[in-house]
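Quick one: the structure is below, and I'll ask about it shortly.
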């Protein structure tokens, strides 16, 4: 899992695929509650199952120090509950998901949607800094020392990134989760752009993100090769209007207006273990 | 929730994303009724559940002074009931939706579709007026006082808008609800147009709307970052033929013919709390 | 509902949206039968429910003189039953649909598809005749008398149309129902064509229709603003091969080859009230 | 049903829609078996129901001399059973489908997919031969005798076709069924090509088919105006690898590479009435 | 099944469809577990059913020496179990799938997705080598001996391929399964490219694959004519991050960036027969 390792192998061809560092694997699990069956269960059983679920959520969030977990109530009918897990591997995520299925509460839940990704930080920026530092040190691209020196620089910058990659779930009240792709149209194709062009577009894109940086925490999950879209985006904010403002402003930015394709959007309200009773309509 | 606040932060870059003011958050919830189970319930139980639902609808519409609610019977099989809530936040909408799920009637209902948005007024027009007033006062764009003066003007115009943004649900007998996008095609892309072009197109579009203004009340819900389409449109009218006339005429207007993409259309008939018994086939 | 009224309001801008006259609102309701549950009901109950349904269908077809109704058996698995209602308003359609849901038979039925539209006649042709008559009378477009004279001419022609708009359901044995759109592609866009071009294309299209006029009755339901497609087309014929011949020939006509997009096709066999027992496998 | 009749009516406009002759109507009905419920039925009941189904299949295949029927086990989860019916009319197909729904076995089956079409032979080739014969006889297109002479020639050639149009179901062990369209894109549009171009493309396409003619029997069902795609294709072969080889080779042929759009593919293994017990896991 | 046979018939037209050799047929079967029903079964029954399933999996993997089988736990909600079968024919796959449906465990499983394909090796490379060897031997294309000599060369190279085509399932802990197409767009169309162009693009594509060859085993299933996509790809690796790295890097390679279209992605964790109890939450 040490992110430095695979940078090395990619560094040889800086013109092609963007380099990324990866942190926790993430699983979003959305569930419908069968309210009709749930309401017919005896009140005492419902209370027990909610208490059991609250205990489970506390343990899942502790994650033995290796990850995090949270539960959200979903606005509208796309789902009733959204569980979010951070874990060190797909195997650990699988264990977390199975532990939920063993709960009594799971008997009243049916699948609504899930999404697998891994927290990702683009190395576009890191690379730019690293290349600039090497230029300062007069190490020319292609020279014998270049690859080694670049690896060293990247390793330094990655330290900074690790705190972001292996973070805990932001504590804000609201979450906005959506998957997205970069367009691969017949004329307009992100993946056919030269890296410089992509880098420039992402820089403009980043500026919009920074503008809202105080009000929203963005967690990008990379999911090429893992799930049906290329990224899963989580926005965490106290004020949900920020979701609209941020996504709207980005939509007029060329990186999105020309190249982004969006999946379903899910809006959730974080519920702590103590608040599960209210979320589940248990008095 | 005071709409003036975020205008300020956006006003600095008048060439890009359109500025909007927001009012009530809206939730459309569409439900299928399980007629077979419902008919098998004893008549006395059905009467009780309908009375309970009618009481609930009255309270939900009162909304403690902060919003509104209404219930529609849906024509065709897309759903049987449509609930429409106006509330001050997604959290208040979530509370409203959960209160419905606690009703006995909800045991006979299964989800059909839902849509989350926030009532939105475009500031295209407001801005045009404000800029023109500043021009009258000889305050040039880019001059040191411009941003402040613009904010003041916008604040004035917004007062007028607030009545629209925090309104009650129009009382007309018929509703037409549909979500829509502006196209982001490879050649034809709304979001890649310069703002002037968009403003001009929206003006023509507005003229069609005004022509029908006497016969139909339009409520636009913005939903970028909140749900799967960019807007949710509600048309309220006494004469349902107006829905066809209005949407047809708009479809030949360039803002729609070139740029609009439409989701599902739902046609509903408003039922007051007293009329729920008839809507639910309870004698 | 008097179709003359809204012509007046549209006549002012003959270059844009085509003008239409409207008649009965139509609802197509398609149902799956739960054959397994139905077969397990006692034979006497099934006989009673079929008799009740047959009575209901007779009353629904009479429609108090304001509409019609029919029932079709559907070929294949898209549905088992198709109900077709003609009524004077969406509210009357809603009442008709609810009356079906109150039948005992409805307990064995689950929704398969529905479609809401209103019988529509294009005024392209009517207008052409009216304009030509005014030209004969030397009343120039733009002259003070023009609008009034045009309205009078249109009113006359509409009398002829009304018999078509407020008709009964054609009695042919077979029905072919499908919804369709005119294309709004990035390059090929019906709604961006000048009206003259559209009129010319529709004329060619009409010629194909006329060629089959003896063998098939076509009922066009307009559904912009009412349902998910722009039109719902019903073809009624004794010989089902005509459906294939007619739709194929039209597909090579430019109005369709370039501009038509088709939804699902449903083929039904009309069953009179007396024939419901056979349709429902009741001996 | 006599195929000569409608040739006459089409012969007047040889530049447009291709002329076809039609034979049996076809219905593909795919069913999921509810294995869980089926396994819980008592063994004696299952044996009875299988015997009843086997008898039914024999009678359905006999079809009173007017058609055929067959049953296939489907590989994978798209369905468990595929029934294929040939009949003289949609009404006769409807009767066949209803007779299956009356079986005890049908209680354990739920719909998976169905497809309605009519066996079709293109008259491209027939016409080419006929025109060439008329040219030999020095009857010029447009001359008074041309239409009559052409009809006579076509009638002769159609005799040959009838054996193909009113055939029995090929007996090969494997079936590959898929629906398809010809593309109607904004730039690449089959239906906007001149007939000569289409004829040339279909000739190349035909050559690929002929190459595999020994190993595979192809039955083309036309379904424009009858179902959601334009054609339903059945390939029947002893060696299932031929499906891959044939469809792959065609995909590189311009008629397919540019113009074909494909629906779902279903692979089935033919089971005679005697083999239904094995197919249904009855010991 | 001898792969040499059909090469012969294709060798005559080296400009068109790529030539492939085929090995085992593959079936991916994904299942949802009904956890609610499963948890309600008595522990002893669950233990028995798991033991029965483990025995079944051992026998299915042995496959009488003609194939293999494996079971994976799926991350997320797309499915709970993925079964993978290698067999010599669709008929043998059908038998394998039916044997699973006969298990007691299958009563608790509902279909999630399945995919039929046949392990395929492209002969692009083999042909290049063969042609080059013939050139060395001065046998000119078109000369009388060419076809025979080419067949001999191809036969030699195929021996090497057979080990790959008739392999056992790679033993790695993680699987990534996804179906894909080559694009057939209106402007960008893989199937309309000359073979040389395709060969060049695939060579670049292959280089990316080779780079990861140590860390991942790729098994390509061809499915044109067999299932809804053109290929089913299995990646097997110990480190699941490799799936993301490999698929990302390929996405920037022109063969993918311009021409690949991807279906759903499924990530699974291999479970040996002994591990089924844990996978099924049986203590």
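Every chain is named by a letter (A, B, C, D and E) in the order it is written, and numbering of its residues begins at 1.
Assume contacts are C-beta pairs under 8 Å (C-beta built on N, C-alpha and C of every residue); 3 or more make two chains touch, one makes a residue touch a chain.
Predicted, not measured: the structure shown is a model, and the values here were computed from it.
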item: Angle (degrees, nearest 5) of the CA superposition of chain A onto chain C; value: 145
item: Same vs different contact residues, chain B with chain C, by half of numbers used; value: different
item: Euclidean distance of C-alpha centroids - chain B vs chain D, Å; value: 48
item: Inter-centroid spacing, chain E versus chain A (mean Cα positions, whole Å); value: 30
item: Residue numbers of chain D (touch at least two other chains); value: 186-187
item: Order around the closed ring of chains, commencing at chain B, then chain C; value: B, C, D, E, A
item: Chain A residues within the chain E interface of the complex; value: 6, 10, 16-17, 20, 22, 27, 29-30, 89-91, 93-94, 97-98, 101-102, 106-108, 111-116, 118, 184, 186-187, 189, 191-192, 222-228
item: Residue ranges of chain B in contact with chain C within the complex; value: 32, 35-36, 39-40, 73, 75-78, 173-174, 176, 185-188, 235, 240-241, 243-249, 251-254, 256-258, 262, 264-265, 267, 269, 279, 281
